[in-house]
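The same chain A turns up in both complexes below, where it pairs with chain B and then with chain C.
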Partner chain A sequence: MLTGDAQKFYGLLFGIGFSTLLITQQMTIFVNLVERGASGVYNAPEAEVWVMDPVSRTTDVSYAMPGTALDKVRAIPGVEWAVPHLRAVANVRTKDGDLEGVTVIGVDDATLIGLPKRMAVGDKSVFFAPDTVVIDDVGVDRLFSNGASPLGERLELNDQRAIIRGIADAIPSFTSQVTLYTRYSSALNFVPGTRNRLSFVLVGVAKGETPEAVAARIEQETGLKAETRAELAQAGVNFIIENTGIPINFGITVFLGFVVGVAIVGLTFSLFLRDNIKQFGALKAIGVTNSKIMQMVGVQAGLVGLVGYGIGVVGTIAFIRGFGSNPFFKGFYIPWQIPLISLAAVVIILALTGFIAIRSVLRTEPAAVFR
Partner chain B sequence: MLRNLSFARQILPALAVIGLAIAAWLILAGLPDRSTAEPAEQPPKAVGDLAGKARVAGAGIVEPASEIIDIGSALSGLVTDVRVRPGDRVAKGDVLFTVDARAAQASLAQSNAAIAEARASIAEASAAQATARQQLALYRGLADPAAVSRSEVIRAEGEEAAATTRLGLARARLASAQAAAAAARTEIERLVVRAPIAGEILAVNIRSGEFVSTQGGGNSTPFIQMGETNPLHVRIDIDENEVSRLAIGAPAIVSPRGAAELHVKATFVRAEPQVVPKRSLTNSAAERVDVRVLQLIYALPPSEAFRVGQQIDAFIPAKAGAPAKTEG
Partner chain C sequence: MTQQTTPGCAPEAAICARGITRDFEAGQTTIRVLHGIDTDIRPGELTYVVGESGSGKTTLISIMCGILYPTEGEVRVFGTDIYKLTDTELVNFRLKNIGFIFQQYNLIPSIDAAANAAVPLIAQGVPIKEARERAKVLLDKLNIGNQADKLPRQLSGGQQQRVAIARALVHEPRLVVCDEPTAALDASSGRRVMDLLREVAVSPDRACIIVTHDNRIFDLADRIIVLEDGRITHDGTEMPDDH
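Our next item is the complex of A and B:
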């Protein structure tokens, strides 16, 4: 019945598909964008607990501790290992003389704990060469936009020579700032001197201990702040949500998607039912009950919903995959919860509009056939 | 059957279902890997008895048992010969290097000449004295006082006295020249720098022909560094806040930097009486002085893994029942 009128059928598909696409895609971008606030945590896959000064908030908003904090943490039972981790901002002067703000990350000298899991170009052993820095792939786009290979390029950091010897495969930070990874001892030279330098202590947890218990023990015994990986990642996300307008902007778009869906689908649906009111009357005349009619409408709405939802979800995936090579979208993924949320939205849209539209049908008398 | 196949009714829903299935698969496959990873290389960790127990951690530096001796030079001058190379073992008193001794040799020769001259003067004065005495004895032995004039006797007595005085003077000159020669020999000896203890040469920073001054120390590099490297000691810095928890005297577990899988048991030697600003391990020219540390000295067992100046990580047991620190 519904497919008989191609215009209205495809109109409905478009309405459902469009609002699914809008809701799914915008929520995906929103989730991925705020998760960028936790990228620092995810880029250090070995650390189970992060120890920091009590006033530090996220990986990028931190206050340095004295160097002996490392020894204090190592002394706590349940701590399998602890290594220093330095995160600081510095200015780098490129070959062309441009100034660029960079994040310098100093990883443990001996074990290189704190590096991203993979290197895009090069091997982790390059870190043992003198004056080595490894740039992240976003930084390559920012500093070397002309497509030249950054390997072997010289940078000037705090009047020191630094040579790029590799590219790390890292999740970009929220601000897409250029990140340079280097060893802790080199980082001390690359970052302008302050008294305390140690930003974080990364901790591995002994077998048979949970990160939560060890973090609580570290906090109690050292007076420092210790957060598990999940807690610090959440703190980074919360920091972005609290300090930017992103949730409101994306919330508005998602709401608009919902409203557009309701409007298009509702209008088309009720038009369709009104057009076919005679047929419904005839059905009633031959003794079809209201519940049967509701089932019929429900099946048709379900068909439209299924196809429209499919279009929307496939469209979102095509979008995310299509832009996957763009550095802005690097590492974007669709959390499995989001398609379920948009599915719920589709069901609500159809149920709402279907219920409003069907009321007139239910009130129709069989005599409507003759009108 | 096929005639009834409707694009909108059958194909589209089927496509939608297939699309959704592929989408679900892509979404699940595309979920990011947020799992934690084991470190590729082992970081330093407390092992054995200390793994689950209260402990204190510290970082330190390997040093010789005698600590590092910066060899100085008593006199300044050009280096003429360096007799040792880094890594050599020397006994106490072995020559390390010699400084140009030509000036001292010259003054020794001068003194020797003066000795010879003084000896000649002594001989001359002795001869004159003997002659004068013989003359005087001759005059005094005459029975007839009128045989020689009184003035002649006085002259002879004067000659004898003058010769005696000259002899005394020449003897004094000899003693002075001998003292000068001894001083020159001491000088020559001081220009030879010797090992103050038996030990190993750790660094040689001078070469023949270079100038060494006595104003060493400060920031200038020491000429030669040596120390007793058997056994090696480690100097472990412990944060002053942790000192009260420390079980002083307990053996420590020590790992060299970069070889954390190696766990060496070091025996306690002593604790430095003074708590000092932390200086080691900053890797930075600008030292941090806000943290004070107690330095503990531990002896390492014989091992190939440690070298003087190397950084180490150490774990030391804490006192049983020591209260946890709640200070930040």
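Our next item is the complex of A and C:
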């Protein structure tokens, strides 16, 4: 019956599809966005334990430690290696005379631990050239939006000369701020001095040890805060959830998607059933039971729901892929739980609206067909 | 199910209605639409129930075919006291024993003519393929076998009416009930439909009741029951002169 009425059929498809798209797309953006709170951790894949001042909370909210912290950590049993890691903010004056706030990350001079896994352009040997900085791909988009190659470009970084010699393939930060990677010793020159400069000590654990055990030992013996990679990543995510309005904003949009779905689908469903009430009455008169009619409507609603849901999910995939080249959406993916949540929402929408709409059919007396 | 002869009912009666009254509530008021109707419908006859709008003919036929409970009275259809059946038994009874033809046809718009005609068989649990085949045989008999795969909206009014007739007869019911089958048709089409009904629906072991106020087809009836204000005022082979 439902597929026989093109207007209502497409109306229901639109309602379900739009709801699914809105719920799936917004939840996907939300999850990926809050995961950016952990990008600092993900961009330093070798580090198994991060050691920091006890007041530090995330990779972006940290309090510098004295340089002696590095030696303390290296002395802890179970620590295979420990390297310094500096994260600081600085200002860049671009060639065009614009001012741009940047994050400067200083990685270990000798091992370059703390860098993203891959370089998009160039290789890691460029770090050993003087005044080298490597920019992340978001930074290229921000500072060189005219399409010019950044390689070889000179920047005025906190009144110091810096030369871009490579592009890092990095996960953007939550704020998509430009990030410049350099060696730790160079970073100390680029960033204005305070007595303590060491943001983190990155640690690799010895064979046979677990990061949790080593982290606990470091905390106990140094008084510093030590977190495993997973713990610090989660702390970054939690910081964004707790300190921004993002969950509420996205939550409202997802809720509105659900409400719009209920409204469109409910209205269309009710109109469809009301328009076909004579047919349902005829079926009941002939001897079709209420449970068979409910099965009929259920199958049709299920079909519409499945197609609409498919359209919504495919729309979300198209959206994520379509915007994949935009650095803001770099690395975005759809966690498998989100389509399941959308599916549950679609089932609830259909069950709720179907239940309300079908009551009129179930209450219809077969004799109504003769009136 | 109880199958027995009711006192006052002819054993061969297809329908035996005794003391049928029906009240409807309209706010605080109770309106009595039928006032103690007693009548028998015999098999092998084309019986018309006629009357003005509001005379109670639709209510009477609804009660006689088991889709509206009477306020008082008893209805036996082929010996079964249908209002003593449970709801499920009554639904099954209708499904097996009664065929319906509605004024607006009420075909399901999204399925083709064969599937529409096969609805009672499918509801009885006959496999869809077999049900469609049986429906097609009947559509052939009604001269629209070549339209079996078309949707109702692709058929003319007369063709839709034939599909509705096929749906009413496909499961070989013992009682066929038609509501204003010619109301939406012109005179000649209406007569053709009635001829067709007589040909396919009337048989010695089947009763056929038609509710109508279409005086163009009164001459085709075997028997005419006239209702006025919920009472039978005439029961004969022809319309009374004053109508």
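We take it that the second predicted complex is superposed on the first by the 367 of 371 C-alpha atoms of A that agree within 3 Å, B and C clash if a C-alpha of one lies under 4 Å from a C-alpha of the other, contacts with A are read in each partner's own complex, and residues count from 1 in each chain.
Here, a residue touches a chain if its C-beta (ideal position, glycine included) is under 8 Å from a C-beta of that chain, and two chains touch if they have at least 3 such contacts.
Everything numeric in this text was worked out from a predicted model, so none of it was measured.
Contacts of A:Lys278 after superposition on the shared chain: chain C is touched, whereas chain B is not. Contacts of A:Asp108 after superposition: chain B is touched, whereas chain C is not reached. When both complexes are overlaid on chain A, the residue A:Gln337 reaches neither chain B nor chain C. In the superposition on chain A, no contact is made by A:Gln295 with either chain B or chain C.
Of the two partners chain B and chain C, it is B that touches the larger number of chain A residues. By the document's definition of touching, of the two partners only chain B reaches A:Gln220; chain C does not.
In the superposition on the C-alpha atoms of chain A, the part of chain A touched by chain B in one complex and by chain C in the other spans residues 3. On the chain A side of its complex with chain B, the touching residues are 3, 6, 9, 42, 45-48, 54, 66-68, 70-75, 77-78, 80-83, 108-113, 117, 124, 184-185, 188-189, 193, 195-197, 204, 206, 220-224, 229, 303, 306-307, 309-311, 313-314, 317, 321, 331, 333-336, 339.
Contact residues of chain A toward chain C in the complex are 1-5, 278-279, 281-289, 292, 365-367, 369-371.
Against chain A, in their complex, chain C makes its touches with residues 58-59, 61-62, 65, 67-68, 88, 91-96, 98, 100, 102-104, 106-111, 119-120, 123, 151, 153, 167, 179, 211. Only residues 6, 8-9, 12-13, 15-17, 19-20, 22-24, 26-28, 30-46, 51-59, 237-239, 241-242, 245, 257-258, 260, 278, 281-284, 286, 288, 290-291, 293, 313, 315, 318, 324-328 of chain B touch chain A when the two sit together in their complex.
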